[in-house]
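So, here's a batch of structures to check.
One chain, subunit A, links the two complexes that follow: it is found with subunit B in the first and with subunit C in the second.
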Partner chain A sequence: MAIKIIVMMKQVPDAEEIFIDPVKFTLNRAQARGIINPSDENALECALKIKDQTGAEITVLSMGPPAAESAIIECMGRGADRGVLVTDRVFAAADTYATSLTLAASVKNLGEFDLIIAGESTTDSGTGHVGPGVAEFLGIDQATYCTSLHIENDALVAERDLEDGTEVVSIGLPALATVLISSNIPRRAKLRLKIDALRKGIEKWDHDTLKLPPEWVGIKGSPTVVGALKIPEERKRAAKRITVDQLGELVKELGGMGLIKTEEEEA
Partner chain B sequence: MTDLVGCIAPEKLEEYRNVFVYLENRNGKISRGALEMLGKGKEISVKLNEKVVGIAIGQDLKAVADEAASFGCDLILGAELSDFNGFSSVAYTNIISDFIFEQKPNIFLISGSREGRDLVSRIAVKCKTGVAADCIELDGDPTNRLLIAWRPSFGDKTIDQILCRKHRPQMITSRPGSYKLPEKVEKPDCETRIKKVKVGKLVAKHKILEFKPKTRLDLTSSKIIVSGGLGIGGPKGFEPIRKLAKELEGEVGASRPVVDLGWIPYEHQVGQTGQTVRPKLYIAAGISGKIQHIVGMKASETIIAINTDPDAPIVKYSDYFINADAGKAVAKLADEIRKYKKAHLVEADSEQTA
Partner chain C sequence: MSEFDAIIVGAGPAGSSAAIKLASSGLTTLLVEKADPPGSKNVSGGIMWGNELGGVLPDWEKDAPLERYVISKGTGLLTSDSLISVDFRSRKFESRKTGYSVLRAKFDQYLANKAKSKGATLVTGVTVDGLALKDGKVAGVIQEGDEITADTVILAEGVNPRVAISSGLRPEIGDKDVAIGVKQVVKLSEATINERFNIRGNSGFAGEYVLGFLKNGVKAGGFLYTNKETISVGAVINVGTLRADNETHSFEIMDQFVNHPFISPYLEGGKMEEYSAHLVCEGGIGSVPKIYGDGYLIAGDAAGFSYSNGLIIQGINYAITSGIAAADTVIEAKSKSNFSSGMLRGYEDRLQGKYVLKDLKKFRGIEEVTWSNLAHKALPDIAEETLFNLFYEEGIPKRHLMEIVLSATKKSGVKKTDMILEAYRTMRRM
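Moving on, here comes the complex of A and B:
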């Protein structure tokens, strides 16, 4: 039987078009174009590679506003079989705890699975905490910072990229992996698959589907809060304007500061 | 499977005391990030009139305990693994959470290294508390015994204060390099309690098959860094940058988008989600100066920025601003340095002959 893979995907705003409302401390994402979070594209590609080799049933799971539907359709266009969007106002403004809880509840609602693949971190909040948080809620093992994933028998064999080397680890299924942007080059969607996906549609789940107490989710279920904002205090710097013709003088100044090693000094 | 439980706050916050620091270690040495956290932990514990407690896991913890004591740790709680050699999130999360349930710490600081970030949210979920990630400033509020943590906002320009008012421990991570290394204390006064722990069952299916060591570029102690951003135009834009870095005997840095685009590997990234650097000289070529980049390099002694936009935010963070094309200015700079070196040599030669 084909193994069941869940890919966790978040739609994030493209680039820096977002700004913060300084009164309400909320992000204004309205005008920014939504894209698939970059490392989630790699997570999906890892899943698709497993599907290519041994067959797999891939479900894309995303929590976010209704607009995230387009990102899920894009994933299905690349080869995912099913898309679930967990979308409800009460889930909004969640920190990592509440996000992980809601996603873990969604995974439970999906039923049996073998492997969950997440991105290493998102570009809009970038904590990388959601994957491991979900794994802890589900009580399963994890391999983070992966550059390659293989299924062997009932285990996941993963290469993990660490500060001081590469670890190859084998962990029992079910398990969760998070993958790095450098792990692969994501494929493009196929028009035919995208049309199929649009026809098939995605599933939308809300608090009624998941039956989680309202005080566990969204902003209410989040232990961390933003207390205040500040403009960073900076050391005042001179910003002395230099033209390209004056670079010789700048170099002399740098030399005077001992920043340019001459062979004389080295000897 | 664990039951899903929301983040329920404990009733008696006053029961939670002391500042815990996770002493990430390899081969008997505490990681740089963990030492920085220990330094911050010490500062905060003094301010709150609490103790700083190191949590260590590993095979032989004697050297780790000695090192932590020398940096002012008041108490070390160690778990020596008798049946497992290596790292496992599940096992480590269990051990650390047991220490938390037993000791009820007020604050818990973990380095934002790969190991730290692998662990921290599992621990937080298990202990029903929150985490503020990638903080760049930490302080203690003695009146409310709160940890005041600051991190760059998701947008740009501002820094957010993140508080965990009702849950304990108050957990945070900071990327290695965010703070200076602490000074050693004169008279270490530290109690060490090490217990033997078996994790066999937890790691029955967790097998580390291989570890291939490699040295990764560490920019945190570099003296000179020349960085390129999107304004260098493409992967080729790094050629003059590499030449200039070589001329200066420095290293090459980068902003995040150029890493994301694959122009250069991640190990070169400077900023909130890359490395935090404090060189004597930092040259930013074609980098706009968004806050997530600035927080990673603003402690540099001298900053030179090169940008075609005379109003780029990076201007106000620079000591010298070159309003020009990055490729041209960087190449010219390298030329001038070569000339300077030659002139300097000639001078030195003539002095010798004189």
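Moving on, here comes the complex of A and C:
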């Protein structure tokens, strides 16, 4: 029997189209189009590669507003078999703790599974908490910072990209893996699959489906308090056009500004 | 049995209008668009002239994302030092609206979503590779090796119709068929725009200019349209003359236009929100291919439906009208279960009955006037010299207007006979 993979995906505003409100310090995402969180695209691609090789049944699980449906359809257009959107006003404004808990409950509600794959972090918050959080709530093993995944002898073999090199780990199923951004080239959706996805549609789950205590979800279930938000100061940049014979002067100038060290100084 | 009654390639004004009509009539319709969302790859000016949308959306004026209605239409000649323009402004446009500025990223999304709400299957972010053929007839589309079948395919791919070209349904785009459009969207406050253009409420300005200051042989026009809180400004550049000149680049023409002493004050202090470039449909009837055949129709820019006479540039209205006419034809074909070339010929007949093909035929050769040496190289200088001499008081005996014009013409180096011939041709064709 084909293994069952759950891909956790979040729809995020296109980072190229959002800006920070200079007065209220909030993200203005009203005009930004919704896209699949970039590393979640890589997570889905990992799942699709496993499906290509050994066969798999892929469910895309997302939590978010109803508009996230289009991102799930896009995932199904690339080859996912089923789409579930967990959407309810009471889930809104959840921090990473409440989100992980709600998603873990959703995974349980999906029934049996072998592998959960998620992007390492999202572009609209970037904590990297949710993948590991779901693994903890489910009590399963996890491999983080992965660049490639495959299934060998009923175990997950994952390549992890760490600071001092690459680590290859093998962990028993069921397991959860988070995948780094740009670790593969996500495929494009196919017309055939998108038409089928639109016909099939997605499942929408709400609070009544999951039946979690209200104080566990949404803003009530979120222990995080945002103290302050700061916009990093934009680095000042300068450019100068020079010819090759002016290189010496440029080196001196940059040395004088303390931006580079010249050999004489080092000696 | 086909999977869909109709597949439409391209969710611009032509494709979405066709889809709205087809889906409203109960036909199973697939609308495929490469951009996501629709309109996000578009570089239209753009003013939508006319009331064509009423044909499929009676309430469009109330709920479409329109920017401003045109109350003031400018047409002018720009030289390095001067602007010679006619600015027609009329309260008559208040009660009888002739055109609206639109931002196509919003507008195309609105139209595509209308098609979806009428029941069409809308797939975005997917590019169709080619046409599926069966017994020499178009029987659907091909995408990544999959065949999706339909009784009829409407190609509304826009100005660079790759599917129609690769399928041999129309020739490759030539220099005469298109121009290069370069556009900026500049953000300003609504109040500033109102003040600078002397407009109020949701009324707006649409201006088109001959860029007579360009050196070498390059010919180009400029446009300036007001939106609610932005200004769309851009250049439309003739491809042949640009190709012939290695010195000039399209972005420099754009820079010269927006920095012109009589254009830059409109844009001053604005923040550039978009910078884009695209081909623009320009060819006239000479660029229109065969627009129907066994199992297919071509609509909008893909069919070369646009109109420009130097005073006005139109395309969206032609796209919508042709999209609706294509849909009407498919609906009739469906009722008779006949999708042959002979049946779909009704599309051309429908367009003959409307202004789309009538205009293109009547104004055959207009593109030669729009891009003539007279309009781009001689007229701006002659007009500047004439008006300068007319209005400049230097305390010497005055001359008759005709004398001034003749001496200005002589100075411009244009032969009198050429001038008369060109002027005659312009009057005839315009």
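Convention: the second predicted complex is superposed on the first by the 213 of 267 C-alpha atoms of A that agree within 3 Å, B and C clash if a C-alpha of one lies under 4 Å from a C-alpha of the other, contacts with A are read in each partner's own complex, and residues count from 1 in each chain.
The rule is short, and it goes like this: a contact is a pair of C-beta atoms (placed from the backbone, for glycine too) under 8 Å apart; a residue touches a chain by one contact, two chains touch by 3 or more.
No experiment lies behind these values; they were computed from the predicted model shown.
In the superposition on chain A, A:90 makes contact with neither subunit B nor subunit C.
Of the two partner chains placed by superposition, only subunit C is touched by A:74; subunit B is not. Contact with subunit B, but none with subunit C, is seen for A:137 once the two complexes are overlaid on the shared chain.
The partner that reaches more residues of subunit A, of the two candidates subunit B and subunit C, is B. In the superposed pair of complexes, A:33 makes contact with subunit C only, with no contact to subunit B. In the superposition on chain A, A:195 makes contact with subunit C only, while subunit B stays out of contact range.
Overlap of the subunit B and subunit C interfaces on subunit A: none, as no residue is touched by both. Subunit A meets subunit C in the complex at residues 33, 74, 77, 188-192, 194-195, 198. Within the complex, the subunit A residues that touch subunit B are 16, 18-20, 22, 25, 27, 38, 95-98, 100-101, 104-105, 108, 121, 123-130, 132-133, 135-139, 141-142, 144-145, 155, 157, 161-172, 180-182, 212-213, 215-217, 221-232, 234-235, 237-244, 247-248, 250-252, 254-255, 257, 259-264.
Those residues of subunit B that touch subunit A in the shared complex are 1-2, 4-7, 9, 26, 87-90, 93, 113-115, 117-122, 124-126, 128-134, 148, 150, 153-167, 204-216, 224, 248-249, 260, 262, 265-266, 272-273, 280-281, 290-291, 294-295, 298, 302-304, 315-324, 328-329, 332-333, 336-337, 339-341, 344-345, 348.
If you check the complex, the residues on subunit C that touch subunit A are 30, 32, 36-37, 40, 121, 123, 125-126, 128, 141, 143-144, 146, 148.
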